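Just passing along the structure, written as structure tokens.
Order of writing sets the chain letters: A, B and C. Residues in each chain are counted from 1.
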Amino acid sequence: MTASPVPADLSTPPGRVGAFREKLRTSESAFWRRGTLAAAILPFVALGFALIVLAIKGWPAIIVNGTGFFTNSSWNPGSTYGATTYIHGVAVPQGASYGAWPLILGTIQSSFIALVLAVPIAIGAALALTERLPRWIARPVTFTVELLAGIPSVLFGLWGIITLGPLLAKHVYPPIASVMPDVPVLRFFKAPTGGGQGLLTSGIVLAIMIIPIIAATTIELFRQVPALNQDGAHALGMTDAEVTRSVTLPWVRRGIMGASVLGLGRALGETIALAMISGAILGHTAVNIYSPMTTIAATIVSQLDSSFTDSTGFATATLAEAALVLAVISVAVNALARVIIHRSSSISAPVGRG
Amino acid sequence: MTATSTLLSSSTKAGRRRAGQYLFRGMTILALLLVLVPAVWIVVGILARALPNWHFSVLTNTTAHGGLSNAIVGTLLITFGVGVLAGIVGIGAGIHLSEMSSTGRWSTRADGLLRGATEVLSGFPSIVLGFVGYIALVVGLHWGFSLLPALIILSMMVVPYIAKSTESSLNQVPTSYREGADALGMSQGHSLRHVVLRSGFPGIVTGLLVALAIAVGETAPLLYTAGWTNQMPTLALTHSQVPYLTYPVYAYYNQPSDSLRYLSYDAALLLLVLVLVLLVGARLIVARTQRNAETRR
Amino acid sequence: MKRDSQESLAERTPSRRRVRIALPALLAASALVLAACSSSSSTPATTTTSAPKAAGVTLLTPPSATVSLSESGSSLLFPLFNAWGAAYTLRYPNITVSTASTGSGTGISSALSGTVDIGTSDAYLSPGQVQATPGAMNVPLAVSAQFVGYNVPGLKLATGSTNLVLSGPVLSEIYQGKVTNWDDASIKSLNPGATLPNLPIVTLHRADGSGDTFLFSQFLSKTDPSGWGAKIPYGTTINWPAAPGALGETGNSGMVQACGTTPGCVAYIGISYEGKSTSAGIGVAALKNAAGKAVTPTPASINAAAASFASKTPANGTLSMIGTTAPTGYPIINYEYAIVLGKQPSATTGQAIKALLSWIISPTYGQSSLYLDPVGFVPLQSQVATGSMAQINSIS
């Protein structure tokens, strides 16, 4: 609604006082309009600013690393105590070459595992939560799910490395590995199970972290299903399971896809928890599902300080390039998720942790 | 009805359906448990490690003397600052998206773009924002590790959340309120202040509190914007490093020194308490307003 | 760590802090100092006392203003620098020292960018770093060493031997992933009479920018020049070959913690963590030196190696002390460096830095066995101390 151009307030005194008060009123509205517009533009500006800063800082690395950055595996700082060579005019320690393929693959693998685990659990939990539970159960349960969303990521990392990882490595992984037959694909699951720091543990902890956002979106989606359809199905004598299978789930199928992609977006950007439990191995991809690996975000955190010792600045520029890659992927995935959700339902996707 | 199903007795089919129902129930409950158990496990695990070695001097000494008082003060400082900065920007953005509907093709497209950018910014990886803050603010503008870069970067992270929750709570304010205000001749600014915001206030505050809970738990962006110090933070906006509770958790958890490891667990405990306070506060506000609201939602 | 902005340096391009002082360690060290140093009562020093015994090392006076110095860097030096800092504050209460164990790489970069006052590092500055920051210097403070730790349950050493014997070439093969099991023939040939179990080797390396990586990689380069040396240039961060199950850890403490809990591990650890390693069940390897003798890092063997390098140490302190030719010398030793800017932005801070460093290299104070013995370090040879003093005096 727009402000009326002509003062309609009957209490406005005539004359200059009235005009002054009117000016205040309209200028207040102008203040609100302009101020809120500025506020709304800021995120857009911030996003662009971040991408530009990364592109500028990473430019030397983009030139030198080229497309090999996405396919090579070695993470070689080069001879930091030796000579400096020049590639395409950029100063680089001799022998330095950075390949981000293990980082990219590690990011994809850990996010994939997280999704595979999180989506069914989140949907199941959402189904349980939309039941009419007695109040003494419903309150603490919903609060606990909110708490899960609010637990800081560093605490997930702490728990993963101190409690969950060793537990899995001792009691869960060995049985799994021993029942795996020694055939080509499944060999990935049969291996020395290590100490718990690795791909599978990272995937599990990531899954726990993204469940809240998927579940919250799914609950919203379930609320969208027309009650008439569900009640009608119940009236026909279908059990809850059958109603869910035939009515509810088909209705929200696309929305759930969008929710999953949303969870994927969160998993991609997860940093600290993975830095603590992934094992921080650069230079090669995970050998099997239990072995240490790394993700783009975890690498940036663990290597940023070391990169400053490269006096040519090349190492830091490479990390900026990696950050730019991650930023672009994350923006694309998030945008995709929201497009899917908006197109398939009239809900708006949650923002933040869910 | 196929021939097969008529051959099968109705009791088996009913039994199958019943079994299916039990299976469904069981699996949804299992899923719920799989969500609840880790949450409880983490909380219990941290309590179990922090409480046995707890001593209240952790709250009064700075890290230079084996405590966490500086980190607590630093986290509160950062939280307050983010609340103010992100609050203003986020609430403003939310008001714009909800109230300032524009006519005209360009405006609606621009609005869609702004809304999209806000949503996309929310998913931005935290370390990337920290890195950007480091390059542009800490080094580029020569501010050094300090409060201002930390506030700016953290605000960038939580503004989308505040904007979204503001927008949705303002959308829930009945249109009749606005129409009535317009009919009374109130200007838009006036009606915003006295009518719309007032009724949307609880939802806005709730969103703010939850956003602060997110900000409290961040580590990576702060590592590269706030730095760390084991003394009390000053109120200086630049050139003075700021301590925060997530740092000891990340940095001390694998130290061989027992006292440092206990500090790590103590910091984890304090973080949980802070997050709980914020979440419970948000819930209380929702409960109170639902009790007082004229229209039940 | 700087607390107030009054004395803030012009440009802060800092990097991450990781760990701060633990009070109990400080208190213990301070108690020792109080007991030993009779003259360390509370009066701030107003007179200059010259240190006896070593010509060329003068104890400088700190300023009378309150100064808070920040140090960050080597995890190997961290325990000792804590003790030094605490003792110094006892003697001059107006000077406080705030420390952090962030790794030598971060120590160097923070010192060069001016974020901390003193950066500590096991590695000297690279030519590129010296070129980028003219006037930066690395000042030797003490001589330390690095040992190779192992965790091999089921190992039975030959009667009369107390440590597993390893050599540079064998370690190079292990870290390249060519030797993957503890019962490999090459390890057996170094340890005749010992029973080695069939256990996969898990190699640990430092993921952060580390002076220990610098030392270890230099050691491997020098002892295996055609293999490791030809392929992998040494540095604080290097391109680790893919060995099966290899893990990256942060800080010496991370190495100790991981090796203690990973059967089959081999790790390179700074000597100041030897006590903690032994209590975690990690064994100390005897390394074959250039003369062919298997040596463990003891003060005697470290001193023997240090003495062989004393005359070779240049004025700027930059010298690699890996691979001594002394017959009983330990092969992996190094100078612990303080990285400082030659031109200090603040005169008061500069004066405080000079005073602290001069106290540290003084034989009566910082170099006394009171501080060095608990961490297994040995004092600087007198000619090296003189060189360090000259560097300190050139700070302005």
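By our rule, a contact is a pair of C-beta atoms (placed from the backbone, for glycine too) under 8 Å apart; a residue touches a chain by one contact, two chains touch by 3 or more.
Treat the numbers as computed from the prediction; the structure is a model and nothing was measured.
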Chain whose Cα centroid lies at the greatest distance from that of subunit A: C
Chains most often in contact, by C-beta pairs: A-B
Approximate Å spacing (C-alpha centroids) for the pair subunit A, subunit C: 40
Distance between chain centroids, defined by C-alpha means - subunit A, subunit B (Å): 15
Chain centre separation (subunit B, subunit C; CA means) in Å: 42
Subunit A, residues touching no fewer than two other chains: 304
Where subunit B touches two or more other chains, by residue: 223-224
Residue numbers of subunit C (touch at least two other chains): 16, 250
Interface residues, subunit A side, partner subunit B - complex: 1-4, 7-10, 25-26, 28-33, 35-44, 46-47, 49-50, 53-54, 57, 120-125, 127-129, 131, 141, 143-148, 150-159, 161-163, 208, 211-212, 215, 239-242, 244, 262, 265-266, 268-272, 276, 297, 300-301, 304, 319-320, 323, 326-327, 330-331, 333-335, 338, 348-353
Partner subunit B, residues of subunit C touching it in the complex: 1-5, 8, 10-14, 16-25, 68, 98, 100, 115, 250-251, 253-254, 256-257, 273, 276, 280
Subunit A contact footprint on subunit B (complex, rising order): 17-18, 20-21, 23-25, 27-32, 34-36, 38-43, 45-46, 49, 88-93, 95-97, 99-100, 113-114, 116-129, 131-132, 135-136, 140, 156, 158-161, 163-164, 168, 178-179, 182, 184-190, 192, 210-211, 213-214, 216-220, 223-224, 246, 249-250, 253, 264, 268, 271-272, 275-276, 278-279, 283
Contact footprint of subunit C on subunit B as seen in their complex: 61, 63-66, 138-139, 142-145, 223-224, 227-232, 234, 236, 238-241, 247, 251-252, 254-257, 259-260
Of subunit A, residues touching subunit C in the complex: 74-82, 84, 93-95, 192, 194-195, 197, 279-284, 287, 291-292, 302-306, 308-312, 315
